[in-house]
Amino acid sequence: MLDRVVVVGAGVVGLSIARVLSALEGLEVVVVEKEADVGWGASKANTGIIHSGYDDDPVNYPNRARLAVKGNRLWTTWAEQLSIPVDWCGSLVLARSSEDRRVLKELLARGIRNGVPALRILDGEEVRLLEPMVSEDVAEALWSPTAGVLSPYEATAALAENCVENGVKILTETLVKGVRVKDGSVEGVETSRGFIGAGWVVNAAGLYADEIARMAGVSDYTITPRRGEYLVFDKDAGPKPSRILFPAPTPVSKGVVVETTVAGNLMIGPNAVDLPRDAKEETYTTKEGLAYVWREASKLVKKLPGKREVIRVFSGLRPQPSGGDFIVRVLEELEGFVEAAGMRSPGLAAAPAVALEILRLMRLNGLDHGFKKRWKAERRAGLRIMDLGWDMLEKNVSRNPSYGRVVCWCEGVTEGEVVDAIRRGAKTIDGVKFRTRAGMGRCQGAFCRLRIAAILARELGKPIWSVTVKGTGSELGVGDVKSLLEGEDVAD
Amino acid sequence: MRRIEVTCILCPVGCRLTVTEEDGEWKVEGYGCRRGLAYGLEEAQNPSRVLITVIPVDDGELPVVPVKTSKPIPKNLLLKASKALAGLRVKAPVRLGQVIARNLLDLDVNIVATRSIKARRDRVEADGQK
Amino acid sequence: MPTRRVDLLVVGGGPAGLAAAARASELGVRRVALVDERRWLGGILPQCIHPGFGLHRYGRDMTGCELAEKLIDRVSSLDVDVYTEAHTVRMGYESYLSKTAEVLTPRGAFRFRAKTVVYAAGARERTCFEAGIVGSRPAGVYTAGEVQEMMDVWGILPGREAVVAGSGDVGLIVARRLTLEGVKVKAVVELMPYPGGLLRNVVQCLEDYQIPLLLSHVVLAVEGSKRVESVLVAEVDENLRAREETVKRIPCDLLVIAVGLIPRVELLAGAGAVIDPKTGGPVVNEFLETSLPGVFAAGNALVINDLVEHAMEQGELAAESAYRFIEDGGFRSASWKRVRVGDGLRFVVPQLLAGFRDVKLYLRASSPSENARLLIPELGKSVRLRSVRPAEMITLTLKAEDVLKAERLTVKLV
């Protein structure tokens, strides 16, 4: 068996698995990703919540229930090791009716059963002590202190950096077209960049996991794209909650959340609309969807800021598995094929636990590599100039003046930080954006996009018009400003 | 008789002018002031505009320099003129007012730079510039 | 962090800021510093390569970039400390004669302690999200100013087939510019039943190039995953709501967002200045002083202007006021009257008058009309305006003695 594992998909789950596997001696880990950067599927477009794990029914969805709780606990270590900022602010599930209150009791019971610590149902008065901005009709709430929020794209980038530091190869813009199977075991993957031989193929392909599975001859599940839309407010818009606010959940979803992101923006969303299976790229926002999110979010709090304070809307697709539960398994009849699929909510929370579970399953099925003597658990985050005190800031600027050259005025991101991001793997404008926050402010990049592009053009040695927003096909422009006129036959 | 409808652009009122020509005699109706009368005739007989565009710069701090024609050119030649300039390049430094090209389309009109572009520094600093 | 003590700090080196710094220096204000975020001065002017600037003031029809160099040369010849690539992180009001600004530059961070500030930080463009456009978020959706900068500063062709959302002047000018580089501008889509920009621009930018202007239409959504592939456009009813049955798809690879400008006042608001929701800029008195004593505002940060001359004269007035403030140690108390904005007008600037001097009011009409009357009933003032367009700022000068004699002031357009 080849000492190489190919992980299909560089989302938060795929990279968590790669991280864990990178600790093994003598095993080459290659992550293949069809997009131009890591984490551009479901991983970048979600609430960023590390759920505590009371939501998932252990009878119907045992993987979700088990791995969410375990993952939540593991994130406390992983986040620290990887320098991923997490706001462990806790969450409140708000009950506004007697039906809601009945649901809270169910969630509490389920949470206890799943092993979630510190859950408690609070009365209205206590709720308001924890969160003054909840709406008047909130009668009770399920308080879960172990829930937290992080920036999901920051987390994915951190995982990717740590993986690379530990020898993992991440191949972006590499599409898996086939899984080669011979005599009941995998031999590798056919990709848009050629064949990669491997003894193990880990399917962490998110929305496309069912298609990867089918390439390997596995067809016992399907993945449906479930769209969720979000609205993000300006940092100065408030009031902003200090806890994650949930409505009482329905069987379909946890409902529209009101939260403050780690960066300090009020964010509301998502709704949950199932799309046809061929709509896996339709991250559209819709008038109806956004209106629904607004309406539902308004029910949880006394007051949302004015619509004028919304700076961005976006949507993400969750990979909803046909059976509802995570598919975390090794198949008896197909040696070397491992699956971590259907990673809908609480996929982000469960990711570290999924990774360890995958390792355990692989061990049970022939992976006998020992651990490396030297493995870097820690990853140092890049500088964020605006978070430094003036003394540290001035030291950095005098050492490197590009840390004093602000290129994104809204978020205060400097050229030095942009260059760092490029050195850490950003090759696109969005890649820089997700690592530095440049372009995430009020003006949404109208002022800084071209400055960022100029830096990318310089660092990557390409013409500025060819710098892409999000990979091949999304170039900033179509050519030099004269390219249409020069290309034309002058015919008048 | 020829009849042309023109909207005067000299002031916000935007008088709608009707310019007619019969047997070589031109008449303008609808103007609110003398300037409008003159404009109406000019627009009907010989409408002209200043052409503005950019010209690629070699070795400059910026890749293009904005330019304009030294005087208005016939309106119907604007697109042709723009295409005619398409292959033109200029080497930095460029000074505001510098004549980049002469006698565009044989119209006795020059192409003049409207911004100064310095030559790019030889050393490309890691921080972009010092 | 080194402290720089100045008499006047000008925040923003566009036309308003440059005019302010030059005027202050010429008046004799001793220590004048000017900070700007960009690598070069001029604000938005260097990317305005079209003519139409400076006609009233200089008698010459200049391009924006030519005017910029003229203003920069004037400042360079004076004793003004200019800081470029200088990002103001925070502004603060310490006391009546001391305002602070923390500024980051590649050469280090500075704290300015200024007796007075002229805030001329300009405006930003409204985004596609603020325009309510939904759908996908591909490459190829740019604001009009961004398109200008792409083409005319960085030499990038933004697309081959464009739709422009909004018919304000910036959108019209960009539509023409794109056409001259060979881009097919398929439509300019305007929500209102009348164009947002000046008629002269509608003629010179759209009619001259047969670019269709779709009035009473709105861009609803963008389609395309990596790059814009098309936009959905619909007609709107009298309530500006889209008529679903009229939705049509326009294939294009570039959507230009030209739906208006918003004053950049975050630093001012952060320092505690009161903002007028009607203008989006600070409330100012006839000295152009904000609610922060000795902090003055000018240019697009004060109110969205359409003529650069207005931005410049605001800058100069702000500088004169700052000079007076420094010389006299502040302004004396007076009875300030709030100008009430009546029917037919969107705003009036300045918002507070006391009659210290003659004052130029800047007003904008809510909708177009012919033969309108601008009325100040308390002064018995009535001015006939032959042709009124929201795109064209109305100005009106009031004499100091008129302001003094009125108890209150209302301006309306009928």
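Per-chain numbering from 1; labels A, B and C assigned in written order.
Operating definition for what follows: a contact is a pair of C-beta atoms (placed from the backbone, for glycine too) under 8 Å apart; a residue touches a chain by one contact, two chains touch by 3 or more.
Keep in mind that this is a model prediction, so the values were computed, not measured.
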{"item": "Pair sharing more residue contacts (C-beta pairs) when B-C is set against A-C", "value": "A-C"}
{"item": "Central chain (distance from its CA mean to the mean of all protein CA atoms)", "value": "C"}
{"item": "For chain A paired with chain B, centre-to-centre distance based on mean C-alpha positions, whole Å", "value": "51"}
{"item": "Separation of chain B from chain C, taking each centre as the mean of its C-alpha atoms, in whole Å", "value": "25"}
{"item": "Distance between the centres, which are taken as Cα means, of chain C and chain A, whole angstrom", "value": "39"}
{"item": "Interface hub residues of chain A, defined as touching at least two other chains", "value": "401-402, 405, 464, 480-482, 485, 488"}
{"item": "Residue list for chain C, restricted to those that touch at least two other chains", "value": "106, 151-155, 181-182"}
{"item": "Where chain B touches two or more other chains at once, by residue number", "value": "54, 56, 63-64, 79, 82-83, 127"}
{"item": "Chain C residues touching chain A - in the complex, by the definition given at the top", "value": "1, 37, 85, 87, 89, 102, 104-109, 124-125, 127-130, 134-139, 142-143, 145-146, 149-160, 181-183, 220-221, 225-227, 253, 266, 269"}
{"item": "Interfacial residue positions of chain A with respect to chain C in the complex", "value": "236, 281-287, 290, 308, 310-314, 385-386, 390, 393-394, 397-398, 401-402, 404-406, 409, 412, 414, 442-444, 446-447, 449-450, 453-454, 464-465, 468-485, 488"}
{"item": "Sites on chain C touched by chain B in the complex", "value": "39, 46, 49-51, 63, 65-66, 68-69, 106, 151-155, 177, 179-182, 198-200, 203-204, 207-208, 386-387, 389, 392"}
{"item": "Residue numbers on chain B that touch chain A, as the complex places them", "value": "54, 56, 63-64, 79-80, 82-87, 124, 126-128, 130"}
{"item": "Interfacial residue positions of chain A with respect to chain B in the complex", "value": "400-402, 405, 415-416, 419, 455, 458, 464, 480-482, 485-486, 488, 490, 492"}
